[in-house]
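Shared between the two complexes below is chain A, which has chain B as its partner in the first and chain C in the second.
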Partner chain A sequence: MAVASAPAPTVSGGPSLPARRARSRRRTPVFDWMALPAVIVLAGVIGYPIVRAVQLSFTNSNLLSAGAAKSVGLQNYKTLFTNDPVFWQALEHTAVYTFVSVAAAALIGLALALATENLGGAWRILRTLMLTPWGVPVIVVAFLFYYMFQDRGGVVNQALTSLGIIHTPILWLGTGKWAMIAVIIANVWSTTPFFLLMFTAALASVPNEVIEAARVDRAGPMAMLTRIKLPYLRNAAVLGSLLMVIQNFNNFPLIYSMTKGGPVYSTTTLVIYVYQLAFDQFHLGFASAVGVIWLIILLVFAGLFIRLMRTNPA
Partner chain B sequence: MRGDRQVHPARKFVRRPLRVAAGVAALGLAVTACGSSSHSSSSPTSAASSSAPATVTFLNWADAETATSPGITAMINKFEQLYPNIHIKAEPVSYTDVEHQALLQYRSGNPPDVVEMQGNYTFDLAAAGALQPLGSFATSSYKSNIIPSELKLGDINGQLLAIPWTVAPFGLWYNKVDMSKAGLNPNDPPHTLNQLLSDAAAIKAHEPNVIPFGTDTTNRTYGLDQNWPFMKTDGAQPFTGTTANADTPGMINYLTFMQQVGKNGYTVVNQLGGKFRDPAAHNGVAFDIDGPYLEGVVLSETHETEAQFAQTWGLTTIPVGTTGKAYSTPTDHQLVMFKTTKDKQAAWTFMKWLSTSDYAISNYTVPIEQSIPPLVNLGSQSKALLTSSPFYKTYIDDILPTVILPPWGPSYTAAYTPIMTTIQSVMTSGVSPSSAAKSLQSQLQSALAGS
Partner chain C sequence: MTAVAAPVRLAGPGRLRRWRPGRAAVVALILVGIAVALAPVYWMLATSLKTPFAATSLTPSYFPHHLSMSNYNELLVKGVVPFKTYLANSVLTSVIASVVAVAISALAGYSFSRSRWRLRGPTSVAVLATQMLPLVVFVGPLYLLLLDAHLLNTYTGLVIGYTSFAIPFGSWLMKGFFDSVPVELEEAARVDGYGRLSILFRVVIPTVIPGLLTTGVFVFINSWNNLLYPLTLITNNSHQTLPPGLLDSFVGEFNTDWGGMMAAAVLTTIPLAVAFFAVQRYMVRGMTAGALAGT
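Let's look at the complex of A and B:
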């Protein structure tokens, strides 16, 4: 059997870079000006808070202080990097929560997309049912799993006990290790349909000729998957994952509603930590410093995403 | 060079309207700024005459909770009937969010007039300089009818900044049905921490789906409020002023107790105190540390009569530790006025009526909040209601004398996170109480140094 790897899909297919630049030069400026209202609105609702947060990060601003905030230079950042173990824990938990969630949701989404690829007739409703978690508001997901993971009366422990897998209830939300696993499971349930959608759409775009050619070459199911389909899914996987990394990095309601970042700091991610510092302890200056670091990390991922979108607009 | 640059005709076309638009926008911003400036600079002492129509905004969590929302709405309606020139605009917010909501509104120049407050929240708002001193409104006849310890709660740095609305200290609620099922005497609740542990073990053994002990261990000031009596009864006080004092035998005793509660699964760690009330309504909690509100929530869910409730539940003081002394802390609700309030007299009229009128007490404070009014001399209706319930007698005779005030204020705000995370840590891990106390000592030293 001589099934050649399918050529990497040339999804860009657009004009070359010099051609795009030439077209850009020919643009009518009036159309650029039409973006002005949107730019003004964005500057107000996004730009100003960012500038203000950066400004606050160099102060000792505290909501409980009756006096005006004073400049402390880089002190907040120095404390953050040298004398705040919770910040590093939060950073680690953010990475674990984000990357484990995205990897698990992508793999399950891929498996479901492949499993439902050839469903026909009434069976297609299965795919619709699998997409329903995507339509459930995150706050509802949080409370749903909060009750499911209760150690007493929670359906998860009941199921595990009846299956004989456990004999004593697991304190899902009451122990650090299990609490992180519980919030990740809830998040994976909520975000898997996104990957199912992405991969289903990408699978539908695999050209029939390529599939036919592979069949003529007697490609087996495994070869069809690894050499034909997966290369076509690469772009969807990369873009979808980046998008979900950004979303999960910001995921506040799910974690906060399920665990409030605890017990101890076991599920405290950067966004939860910023909230706790700003609105529980009222250290607005220090919270802004954490927020700035969080923003920089997010910008890296957002930049990667935009770059990929530019090089692979399809 | 600027003068040499070719200007595209389309740019010429749009430049003028853009300038005009920019001018209009700048003018709009200026007008807005002036407007807000004039608003914020209005004299804080100005008070509209009592006959002029006034609107008082009332930020509160009573209106955000199912059990109390209809009651507080009825109170507001009644007040507006009695005082037709004063309109009360209720702004519901959850208890968890009320403090930062009020602070953020204050900092952004749009504060409410009257706010329902509790415990350390009041001290935080006072530290922020947001509160109106009430000494000039609280006449001697008003003061003479308030329970002195309740009046003292609102006295911060020598100024009366909050008035008491409801009196509600923590007590130990015990479920007689659960105790009977576990083979315990339902009329003999635990009086010591050791008895509490052994009773909890019996509950867990006989009724695995019942939470033996409901106690708030969340990382918030309310969590520390609820744990403070347990620390005190074991002889612990983790800090005094800005001095950390956590590495003591008393604190180790207390942490050992909490470790047994956590490791044996007697409670749900990191659960809000209020979240025990729903299972409690269905006999799902055997012993619960709570204020009088438990009764209101249970009754609103089960639709039982008070007599039926009293058959199921009993109330006593919080069990004692090594010192042999029982303690409790207040969860009393207070009313505060922001100093930016435009019509202070109208706001005060509402605050006073809601907290002291016989109508409000006999139709809301006692039957809906299930709390004790802060008055020395009660009206006839209120008195009749209070004497009809066995729980009020327990509160007044047994629990109120055990009430102590936690050291609320900026140090408390700085200290609660290290203390509560240490408690959670000993409850969920194998860390020894003595090393946890040592670690807490250094965490507190650093936290209190910055407070």
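Let's look at the complex of A and C:
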């Protein structure tokens, strides 16, 4: 199983500190039954499907006639890499969607965290208000922005027109470029609170002594920010971004509800593409091949993330 | 400690008062941030309270002139869209998934936190890795698996799907909570002759009830948001949940029932928002433990 073996080498360092402290005088068994239910469920509903997905990726399996699948060797992968422009487009859209969203949300979250840093007492309600989008279900975010970005009757076009910024309505969800921008805006709106929380927690952990020492040295606001605070935020930024990169890679509901991957394929990310291949076109074998490639890319990020988690637990 | 903290509290506002342009920028940023965060939510509420006629307007007014509950009435009483069925199914499957996932995760989390076994390291990393995998890669094989087991179009199938993706993250979250319980507490119970399970249930669990609730709420939120599983594993409207149900009812080229759509959005948000703000304190911890299910 690829999942278990790929990141495993990082573990060879042995048990972590609190665990070592808890080591009792008993012999160490190979396995503990308390973890068994979890492992059984994961093996059955995640482990088995991974194996099955890999196996399906070498067949021409079709969802409508699942029994009649024939092995086709590496054909799916060959088609994928040489003869499937949509796959490459999807890869590009995934990268654009993910990195633009994460960068924008992180920067806005950082700015808001710095702006609200010195709020005390009742004024903290202002920060809580900014966290509002976090409590809105993803599916509702999708509906809400779907409505607001309607070219006729959508409030975004209406507001832009009455402010004199545009004169003809923008076809937000009807043109490729604007559709990508619209889903990214919706995504940034929904994920910025995460970064705001992350950075607020990190700012609170900057030792008072350090701030005080810098102030005694007459550090100006800019120096205070770039020399003192930002270095302390590095870990939070890396951890949060990586987490959000992984989550955005896998995001299905927002894009699917707003555009279904369209118009044409302009907002089709890999996740949407795998879904369309398997459940709209029923090419389960080919979809699995895309999924396997996808899995490999993701494991690299997962490995990075786990390494960070282990060296510097939040 | 107080000697250090006190001057900072005094110095903060003082510094800002001296640096006026900076202060104005900060205030502006906060105001814009709040406006952008709240405007879409306001628009959702305002549209849902308009009369259906006003809500379909091509130039919608920024304020509802006549507050009307007819959109909600349409959803909850008249029922052209089987909203109540979707809602009941969402509540049912999300709650069951939460309970099952919390039970399994608590056992696994306790084991990861306390017991010593040789495969613990590899197992826990494998568990952490699974929560980063995209649901969509599994859903094809899972579909075939449930097809063979005759569990398509059942609540059981859906709960299995939700639970499997909640367990990795639940176990890690619970491990964190168990780590913060002092071992001495259990040593004392062991000396008194308690077995492992009774130590867990009588001694440890009562001290991590906030952890159980947090884990439960996170599982609930992820299940509530899950579009992919019900979309693919449920084709029968009587078993459908809110996300695919509403998508099917309201999103499409010919839909203009914005009032109904926004009323449904409000009703979908309320249970989640309540759950959310209940565990807000643990949010960062929960997220970094990895509320990563790709939904």
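Definition applied: the second predicted complex is superposed on the first by the 276 of 314 C-alpha atoms of A that agree within 3 Å, B and C clash if a C-alpha of one lies under 4 Å from a C-alpha of the other, contacts with A are read in each partner's own complex, and residues count from 1 in each chain.
Here is the rule we use: contacts are C-beta pairs under 8 Å (C-beta built on N, C-alpha and C of every residue); 3 or more make two chains touch, one makes a residue touch a chain.
Note that the structure is predicted; figures quoted are calculated from it, not measured.
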- Query: After superposition on the shared chain, which partner residues are touched by A:53: those of chain B (first), chain C (second), both, or neither?
  - Reply: second
- Message: Between chain C and chain B, which one touches more residues of chain A when both complexes sit on the common chain A?
- Response: C
- Taking the superposition as given, does A:38 touch the first partner, chain B, the second, chain C, both, or neither? second
- Message: Under the stated touch criterion, which partner chain does A:174 make contact with: chain B (first), chain C (second), both, or neither?
- Response: first
- Touching A:63 in the superposition: chain B (first), chain C (second), both, neither? both
- A:153 contacts which: chain B (first), chain C (second), both, neither? both
- Query: Is A:29 in contact with chain B, with chain C, with both, or with neither (first, second, both, neither)?
  - Reply: both
- Message: Quick check for you: in the superposed arrangement, does A:243 touch first (chain B), second (chain C), both or neither?
- Response: second
- Message: After the superposition on A, what does A:263 contact: first (chain B), second (chain C), both or neither?
- Response: first
- Between chain B (first) and chain C (second), which, if any, makes contact with A:279: first, second, both or neither? both
- Shared contact residues on chain A - chain B and chain C: 28-30, 63, 66, 152-153, 279
- Item | chain A contact footprint on chain B (complex, rising order) | 8, 10-11, 13-14, 18, 25, 100, 103-104, 107, 124, 127-129, 208-211, 218-220, 262, 265, 268-271, 284, 410, 413-414, 417, 421, 424-425, 427-429
- In the complex, the residues of chain A that touch chain C are 1, 3-4, 6-8, 10-11, 14-15, 18-19, 21-24, 26, 28-32, 34-35, 37-39, 41-42, 44-46, 48-50, 52-53, 56, 63, 66, 108, 111-112, 115-116, 118, 120, 126, 129-140, 143-148, 152-153, 155, 158, 189, 193-194, 197-198, 201, 208-209, 211-212, 215, 221, 239-240, 243, 246-247, 249-253, 256-257, 271, 274-275, 278-279, 284, 287-288, 291-292, 294-295, 298-299, 301-303, 305-306, 309, 314
- chain C residues touching chain A in their complex are 4-5, 7-9, 11-13, 15-16, 19, 22, 26, 29-30, 33-34, 36-38, 40-41, 43-44, 47, 56-60, 62, 104-105, 107-108, 110-123, 125-130, 132-145, 147, 160-161, 163-165, 167-168, 171, 179, 183, 196, 221, 224-228, 232, 242-243, 246-247, 250-251, 256, 258, 261-262, 264-265, 268-269, 272-273, 276-277, 280, 283-285, 287-288, 290, 292, 294-295
- Show which residues of chain A lie in contact with chain B when the two form their complex. 28-30, 33, 36, 40, 63-66, 150-153, 169, 171, 173-176, 259-265, 276, 279-282
